[in-house]
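For reference, chains read A, B, C and D in written order, and residue numbers begin at 1 within each chain.
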């Protein structure tokens, strides 16, 4: 077949045509075509079959969650209360040892009083870029647009163009001039959605309907995204400051007893590992300090319909371990955790059910989900670190030897 | 329930116990428990249900693939030939517009002569760390161990310890001394597996059975991984040099005609976008230059049973666009693409079938898979860039407006 | 002699004692002791002799300088006017070819209409750190202190403690919580001084006299600097955002004619170099894009009594080259240029004279100096790039071959 | 005057003409013209006057230095012996408190048994770049040139072209292909010179006389430097791996007693500072972990005629602090310390004398100098850290308050 003749629609005939064309190549693997695709017809063009990933569930994790609300109009987060809960986490994965290790970490934390989690920031950024002939115009434009955030927010609220999202609220504008280009970071909040789609539409509207109409210095060219926006590529900007999702921290103070009994190591050994691992991270140019945050985040994202392309950016992590009077304080900061409880993949079967398991489906749940992900990530980090901290990292080896699973 | 009582085994009773305990929380979402879990019993502890992700298929992509073999004992890659093919790519995703965009990029490339792909390097690294009392001992140890790579390779081949992998062949050792610590980067090849499990076992054996037995300077402590190994965290080391998977480049020279007709833009406009986007990447501290490589990689990884936790590291990308006589040369370098065609999730139903679709299942196929992933990633990059390069990025906006899919 | 007996004072006897003790080691090199040290007695303890560096002067550079003023109380920069001037730049250096190359770059720019320079931001930051027992306290503290900037500014103005600087005006506070630590970035303006000394004293006063007295969450420990302050170490934070000195951009649009006649190359060749060099910078993990900004900055800093330890941070540069209708637009952004026209080494003979040469000595001159440094840096960058852009970089080679100077 | 008429030569008339033209601008500051410039006539074109910087001397520092030799032909470093010495260090600076602080750090180390220093690597890199039409050619070229290092070394030894340096010995070649470009890192040793001039000439010869003559794939364009060479811009490549100067580590194990008595703090307090400062460095995107290495390096570089433009790159530092049985182990790794004892500014009066003070002038001394710089840098780091580690960093504040010097 020629590529140009490949059917892209999702009517039953097109789906069937694709399946028929491909079946001979599968060598019997017809299971991928054996599911009802109707619920997924809006999810992707050229829909043809399914992937199925096994899901482990571990719980209940003992987590003290904050209850957060956005303050208007600045969009800061106010903590309305805190409550301790037991939460079950669904882990879509095929990595033997992952769920048992996360379980062990959660037990050590549970025996030490549980996780506590905090949401520090909520923003999602589209960084448009405006190209001028020289720096003079770009800086003059920057000075102008920096004064426009409130007007732009109001303009968007007036619904000036069809197709805009009311959920995507512009909060701040930051500019960055380099050469003849003025990058404009539009920072939004987007309710319980991840919001890339919303902010793409609203930013386009701002650029075309507001900026190009009113800017005293007319740019030669406007680009919706000039690559300072942090979407799906790790960057220091978003590691340090957040701004592409939720900035969340999970913490726990592990007791000596839990470290010894559950984690089979000592605080001193964990601190030596932290010393070695932190400096190893720096030496190799990691833009994070952690052992394995992406593992837990990937498992939770896959189960709950998050954007898998955001596993890397959502895993920008800064872990710390510090001895305090009561034991070992450990914390994990996730700078830009891109989670949603509405929209996109979260609306589909399976994903929606796994969100429900955590009471995270639908509106009003996104800060809850962010905190649970952070707690689960810290649970796995603690356990993997403990295994690594044993003499010769024997327990880490054993986990791979005995539970490596699918070799 | 208490966490400590949560059943972790995968016998039918334990699975059922977990499902029964959780069912009330799902609010009817029983579809997650409705599949036969037997094929997945080895995949994860605490197996409880499944996640299901819709898969689009696009093709055939026109790709000239290299045929590569490892040279012994150095482990360099020899190109044995090149052949042009049509390849169908399975994209597990819920992002409206992704597959149609990748399709469009592939068409522009097809009309320009097709993709060409190259594998430059194949290594997977475990970076153990040895802690001493001072720098003197650490540097002396470093000088010793740097001379041991060939002996270690031979020692591993002698199968000195049960449970080692014969597929994980040690190729080089590099050291890095910082403070009283000597980090030792063991660089392996692992056949067609991703190989983290293998190299964990073999590195443990090296540390315990070889190093600690023979090192003139005995370390105070050996750690299997000291965080210079590049596993699941982006780092400059592995972005620049590869060493955690395959280093692959895909390229194409787009013709003026294909750019205009298929991509609806111009070479000049694409070059202006490249100018803005490259400097935007630098300004925001991205350790890559690209727009959206993780999107394609995530979709292919999810469909084919790769480790989803490696989406971020596998997406470390360096894209370029350069005008040449015949049009616009575009290329995408993926420094550390962590793919497998045997082992782990690739052995499971669904994943195996999607691998078969690309003739990438089983031994001898991993370089093929790496190249196809690179080509697909470049296809999407081209199309997304073209949409962004239109006036005001109108076409990028339209894609989100019209195909946003699941809002 | 024993270290503990080494005289540290600067009275004539102590100076002489040091000189006498060291003279035998100099093998006749008494010139280092042959100068009157009295003018330098306040500059450093254990004053013993001098270093002498030859200074080239090149000019007049044709520069259009902005006239800037700080706006109160926000501390933004208002441009009051612009004027074109001819400026002579003193270059303390021993690098054959440097001054002649900068001269050539300046000529090409002069023939193209001259440099234009802009100051975008002025801040200097001390990042204190407050250590708590847990994240809960650190985040609660962060929320409190973020509201205190205006009160703190007023408190400092009340001169609550002897020894504070009135020139160091607190402008904003930003916090960063990682683990149980709250980093607090105090961003000041410091008039025409570099200001590290001032802001150290004022930050100490804030920490001890304000924060520890009033914070609802009392920290376990306050540290004046927790290493987020950007002092003398390159960091992405200060490369992107500025905040440790002046953010300045110099630009010029080179004409085809000047490129050909003066620079002996072509715009196409310069653009190919920019393509290669920009991607080479990314590939090697440079936190900048430029060829040789530190060369010009070092020469100007050494001549004018700036802090030589800040050459690296002041050289964080982002250079661009972009074809426009009238030729090749080139620009150099210096994110954190740490210059002073009062205080520190600028008050000493020689330094003060070289500042006078540029009409940059004393109060009210610091933005002028920053702009001249940026223009000179761009001049050298243009010329070095042009030499590199010739076929095989022959002209770059020739400059090193013929003018290498002191081999 | 017009720029084009500015005299650039260094004959007495030209010098005088420049001085006469500029004198009216100096407002009496004729001291800059009052020195005999004859000794500096080869140092820079457009020589016009001098800068003079006061120099403190502190010592004797108690350092155990390694005696190193290059092994042929690989260019590895062999340690031939170690010897303890007392060394005086000249610090050209105008920063009140610097020399007294370095003195204090040296005392604490002296009381703890002295510094020990190690040179791990010696290389200086020129990274030429070869531009092709596509990746196919660039990768094919890379495979070829990687096999040519030994032949190239021999070719250079045959002195095929006038003006080459025999001191610059090619050791290895590494390639990096990105897009249609093959970067070629030529790694040299250059004896006791810094060597940028030498390797520029030799690399040009290699490119023009060897590569372009013999490469099976002829590049469209050769550039002497494509910006992967690490010259004067900080980069992760050279921070991690060295390759632009000497990789040196200095260490000491501070006793409890010295920490308390001399440094006025405790090991626990220093460790808390290290915890905060290391994570602060990561959070702000520093490509180093240290407080103030550039301060000591700048002072030594200015005194001894090193290239001031290399202060930033030479200061890429990785400091560690770790509790061991006997006290607190501290170490400072300088990855790419660019020092020379012959050539360039080191040949001039003043610089040469200050080098003699340390017995570091002339051939055979460069590893000695590198080690002394590292020890001095660690001395200052220890003392500054100790001041910062006191309660509220009071002692750091006091140093700035009492010794700020020139306000």
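By our rule, a residue touches a chain if its C-beta (ideal position, glycine included) is under 8 Å from a C-beta of that chain, and two chains touch if they have at least 3 such contacts.
It should be emphasised that the depicted structure is a prediction, and the values quoted were computed from it without experimental measurement.
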| item | value |
| --- | --- |
| Chain at maximum distance from chain A, centres defined as averaged CA atoms | D |
| Equivalent of B-C within the choices A-C, A-D or B-D, defined by over half of its residue contact pairs recurring | A-D |
| Chain A and chain C, separation of their C-alpha mean positions in angstrom | 37 |
| Distance between chain centroids, defined by C-alpha means - chain C, chain D (Å) | 19 |
| Multi-chain contact sites of chain A, meaning residues that touch two or more partners | 176, 178-179, 181, 236-237, 239-240, 278-279, 281, 283-285, 287-289, 318, 320, 322 |
| Touching residues on chain B, where the partner in the complex is chain D | 116, 118, 120, 133-136, 139, 142, 176-181, 236-237, 240, 249, 251, 253, 285, 318, 320-322, 324-325, 329, 331, 333 |
| Chain A residues within the chain D interface of the complex | 236, 239-240, 275, 278-279, 281-285, 287-289, 318, 320, 322 |
